[in-house]
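Below are two complexes that have chain A in common, paired first with chain B and then with chain C.
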Partner chain A sequence: MIEAVLQISLVVLAAAMIGLVYRLVKGPTVPDRVVALDAMGVNLVSITAVLSMLLDTSNYLEVILLIGILAFIGTVAFAKFLEKGEVVEYDRDQ
Partner chain B sequence: MSLLHWAILAPFIMAVFVPFLRKKAATIHTGWFVLILPVVLFGIFLQYLPVTMNNSSIIQTASWIPSLGINFTAYVDGLSLLFVLLITGIGALVVLYSIYYLSKTKESLHHFYVYLLMFMGAMLGVVLSDNVVTLYMFWEFTSISSFLLIAYWYNRDRSRYGAMKSMLITVFGGLMMLGGFLVLSIMGDTFSIRELAAQAPELNNHPLFLLAMILVLLGAFTKSAQFPFYIWLPDAMEAPTPVSAYLHSATMVKAGIYLVARFSPIFAFSGYWFWIVGAVGLFTMLWASFNAVKQTDLKGILAFSTVSQLGLIMSLLGVGAASLHFESLDDNIFTTAVIAAVFHLINHATFKGSLFMVVGIIDHETGTRDIRRLGGLMSLMPVTFTLSIIGAFSMAGLPPFNGFLSKEMFFLSMIQLMELNLFNVETWAVLFPVMAWIGSVFTFIYSMIIVFKVFTGKFQPEKLEKKPHEAPVGLLVSPSILAVLVAVFGLFPNLLSYSLIQPAAAAIVPSIIPPGEHLDVHISFWHGFSPELWMTIGVITVGILLYKFMPKWTGIYDYFPGKVTLNQFYNSGLYAAERGSNAITNAYMTGFIRSYLVYIFAFFIAALGFAIWAKDAFRYDASAAAPIGLYEVSLIFVLLAATITILLAKSRLTSIIALGAVGYTVSLFFVIFRAPDLALTQLVIETVSTALFLLCFYHLPKLSRHEEKRRFQAGNAIIAAGVGIIVTLIGISAHSSKLFASINEYYIENTYKKAGGENMVNVILVDFRGFDTLFEIAVLSVAALGIYGLIKLRLEKGGETNENE
Partner chain C sequence: MKTNDVIFQTVAKVVFFMIIFFAIHLFFAGHYYPGGGFVGGLLTAGAIVLLLLAFDIKTVQHGFPLDFKWLIGIGLLFSAGTATGSLIFNVPFFTHAYNYFHLPLFGKTSLHTAMLFDLGVYFVVIGVTMTIIQTIGESE
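What follows is the complex of A and B.
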């Protein structure tokens, strides 16, 4: 029973992923794509979690946390890039 | 190492000390020290004369590379002793001459004598080596030292041109010869010339025989300036005159003659040998004597006459090969040709050496070698005049000098060819004496030019740079000695018959001489009114007539178009080769990395595709394949969509984001395929590299920052598709044909038991195969340091470091 539910949720998540990829490909603006990428990261977290339940292992918990952090960092970096044109600014005192 | 080896190496050892002598004893002309060596060597080698007169020989072996069968084997028989005496004897005379010819203060004498000694040692090595590899080594030494000597006045353009030309041609021949030697040694399984000669009959039937012969002959013909390789010799006349006298008349150009004579016992039974050597030699003789007449430079005349005389000797060696086809020695008329070849070899060395020295004296005392500016020197330089008469008359073949005798024997051999019924000679036989006769007429004419255009006629002091006068005694000594030899050998030829000629001739055709017997060498000065005497009389009559009416017929030289000469062919050939290779290189070395990638990938496709097709290596076997789930399929679609987006994206930013999506999807694959460590690393690395791409994107220069779609190129698409297909095919084949089980069972069993860890990937990385990890760390460190260096260390155009910007 639970297995079937997990399978179904995986398929749903994969469908969501394809929808996100459509947005990523189509655009039309860069922020659209960045948001799509961010959402893909969150989607990845869910897929990984469902998968680790399916595979019956706890080895992927780090992966889940890491994706969470990286998706955040990546989105912030993209946002800063779009805002200011660069990711790491020079120190103003120098 | 015996005395013989030390004698060969002595000039090289002496060459090492020459610069010190030049520096420490600057007041004495360096040549005096050098002179001692050839004189001593000449004395040493004279002692071998009694040995070779008995038709016996001396072999001394010193190991060099014994494991490869390459030994420094010195072998003295009649042929090599003859050459050794020529080399050391004329070497001594040339050194003596050069002492007076080259100025002590103006010239860099140490260079000259170092090169000359190197050459002398190399030449001794060539003629005394029994091992073909050592022979080749010394052979190349002669090419190199000759190159150095021709370009002795290296600040002259013509000298460098001549040196390069002779280097290219003789080294080409030398390499061909090396090939011939190697083929021979494969055929006979030995490097020794004597052992090869011993198995000559078997070698004659070997399928590689003709190849070996042609390669060895190429070496001999290039060195001895035979048609069509003679073109380097006239240009080598830019060398100092002692060099021309020594190398380009008496010794180096005879190395090819020596080679032909030395390998006669191996090759000469073949009809090809008879035809190639005989015909090329005779044609060279005719062609070069014809061309010598039109030269205006005295050394140019002598260069062409050298080519012509070498052709004469070569043709005699070729014709002499016919003697091998006769059983008994008594009625073997063709041994005359071999004897004539050896005799003329000696004669040519003497009279040509003296003629070169005479030309050097004329150059030295008048400042020019141009026959159009010279004339009427007879009363001013009587001794030189006498010497040139002796040399030139001997060259023309006039009695009572030695050239007369060898020319008569030359005619005799050529006439006898008409009686030969071998190798289909019959129809062509009459051509041999006719060509020989015409060549001799031209020889007569240019010999007369050398004497009479220079010493008789009108004296033109206004055209000369110096006031001419007789040369100092020192300059005259060497040519005088040679001229005396010319006369003595002419009047008493039998001085040489059994001491030098017979042993040398016996070494050239050993197989026809029964043990304990000798060749009958009796050179008579007068042997009645034979056909060859009438030919000589004809040569003199026609020669005098043609010389008298020279202005009337020299116009025929104008009919020879300047564009089809061999020199023109050589020059344009070099030019075309250079331009052609430039064009080819420029055609494919475009400077665009794109082109090189196209080559690399095209070759990749071609090589692997051919290998799969030729070996029929494609396999498809799905039995080992795992089942495919729905989510794998959907992930694949995600991956495909992202990849296609990268390719079709209009802006770079889209491509970067899509690449990030690809990286994340790959990490998801790692999750599905149960590789948590890989998934972790992949996620982090993907994030970092996406950030780095963004960094690069921002720093693109303003000007070319076009946000435009990639242009479609059919070639690129085909190559990209090809690479993808090939790699896929190989992947499928590799997966379908697993030959043995994986070794992963060992790791699964022992990760905890032996290494004390539970994470197998990490245990493999740091324990089972920690070495790889160490160097991966090293790679990362190098990359980090490299990036730091690239950013911080900027060398300005001036070369200063600018570290704190």
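What follows is the complex of A and C.
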């Protein structure tokens, strides 16, 4: 029973991923693509969680937190590049 | 135009400690669970990169007043020292030793010299990543 539910949710998450890939390819502006990438990271977190339940292992729990942190840092770096033109500044008071 | 990113800077100050603690957890859990020196070092560098994004290179250098190139040398010294330390006890190169100790707060704990080797890997990964990012960020 629980296995069927997990498989169905995995299919739904994969469908959501396809929608995000459509926005990533089609997106008219760069911020559209960045938001799509960030949502793909969150989606990947849920896919990993469902998969770790399906495989009945707790070894993927570190991966979930890792993907969350990396998606946050990546999105922030992209946002700063779009806003200021450079990712890491030497002196922000200049 | 001067932008005011107070939300990002406040969030970065809080999230920095979460990432650091998670990295230290990954580093120490590496012997029995997924993780280890490489992922821990990369995540520690990621936390410092978050501070670099929120602030700038000058502020981060003020907060971490060490040359990250030294960290590479210290890490290599740790790894090579653990490997050659086994030669003193008349056993082959890279032989590790472990034993069980009763520590006051942790109870029965297994201390292993492979952890010193992992500490070297941790330092080298932080040093290399931060050197690359700082070198790229500084050039005009």
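Keep in mind that, in the parts below, the second predicted complex is superposed on the first by the 91 of 94 C-alpha atoms of A that agree within 3 Å, B and C clash if a C-alpha of one lies under 4 Å from a C-alpha of the other, contacts with A are read in each partner's own complex, and residues count from 1 in each chain.
One rule holds in what follows: a residue touches a chain if its C-beta (ideal position, glycine included) is under 8 Å from a C-beta of that chain, and two chains touch if they have at least 3 such contacts.
These numbers were taken from a predicted model, which means no experiment stands behind them.
S.K.: Tell me which partner A:Met17 touches in the superposition: chain B (first), chain C (second), both or neither.
M.R.: first
S.K.: Scan A:Val5 for contacts with chain B and chain C and give back first, second, both or neither.
M.R.: After superposing on A, A:Val5 lies clear of both chain B and chain C.
S.K.: Considering only the touch criterion stated at the top, classify A:Asn59 as touching first (chain B), second (chain C), both, or neither.
M.R.: After superposition on chain A, A:Asn59 lies in contact with both partners, chain B and chain C.
S.K.: Is the number of chain A residues in contact higher for chain B or for chain C?
M.R.: It is B that touches the greater number of chain A residues.
S.K.: Go through the superposed model and pick first if A:Gly27 touches only chain B, second if only chain C, both, or neither.
M.R.: First partner only, chain B.
S.K.: Identify the partner contact of A:Thr48: answer first if only chain B is touched, second if only chain C is, both if each is, neither if none is.
M.R.: First partner only, chain B.
S.K.: If you stack the two complexes on chain A, which partner ends up touching A:Ala77: first (chain B), second (chain C), both, or neither?
M.R.: both
S.K.: Residue overlap on chain A between the chain B contact set and the chain C contact set?
M.R.: The overlap between the chain B and chain C interfaces on chain A comprises residues 59, 62-63, 66, 70, 73, 77, 87.
S.K.: Under the stated contact criterion, what part of chain A meets chain C in this complex?
M.R.: Residue list for chain A touching chain C: 59, 62-63, 65-66, 69-70, 72-73, 76-77, 80, 83-84, 87-92.
S.K.: Which residues of chain A touch chain B once you look at their complex with the stated criterion?
M.R.: Chain A reaches chain B through residues 7, 10-11, 14-15, 17-18, 21-22, 24-25, 27, 30, 33-34, 37, 40-41, 44, 47-48, 51, 55, 57, 59-60, 62-63, 66-67, 70, 73-74, 77-78, 81, 85-87.
S.K.: Within their complex, state which residues of chain C touch chain A.
M.R.: For this pair, the touching residues of chain C are 3, 8, 15, 19, 22, 26, 33-35, 39, 43, 46, 49-50, 52-53, 55-59, 133-134, 136-138, 140.
S.K.: Along chain B, where are the residues that touch chain A in the complex?
M.R.: 630-631, 634-635, 637-638, 641-642, 644-645, 651, 653-654, 657-658, 660-661, 664, 667-668, 671-672, 674, 676, 679-680, 683-684, 687, 690-691, 694-695, 698
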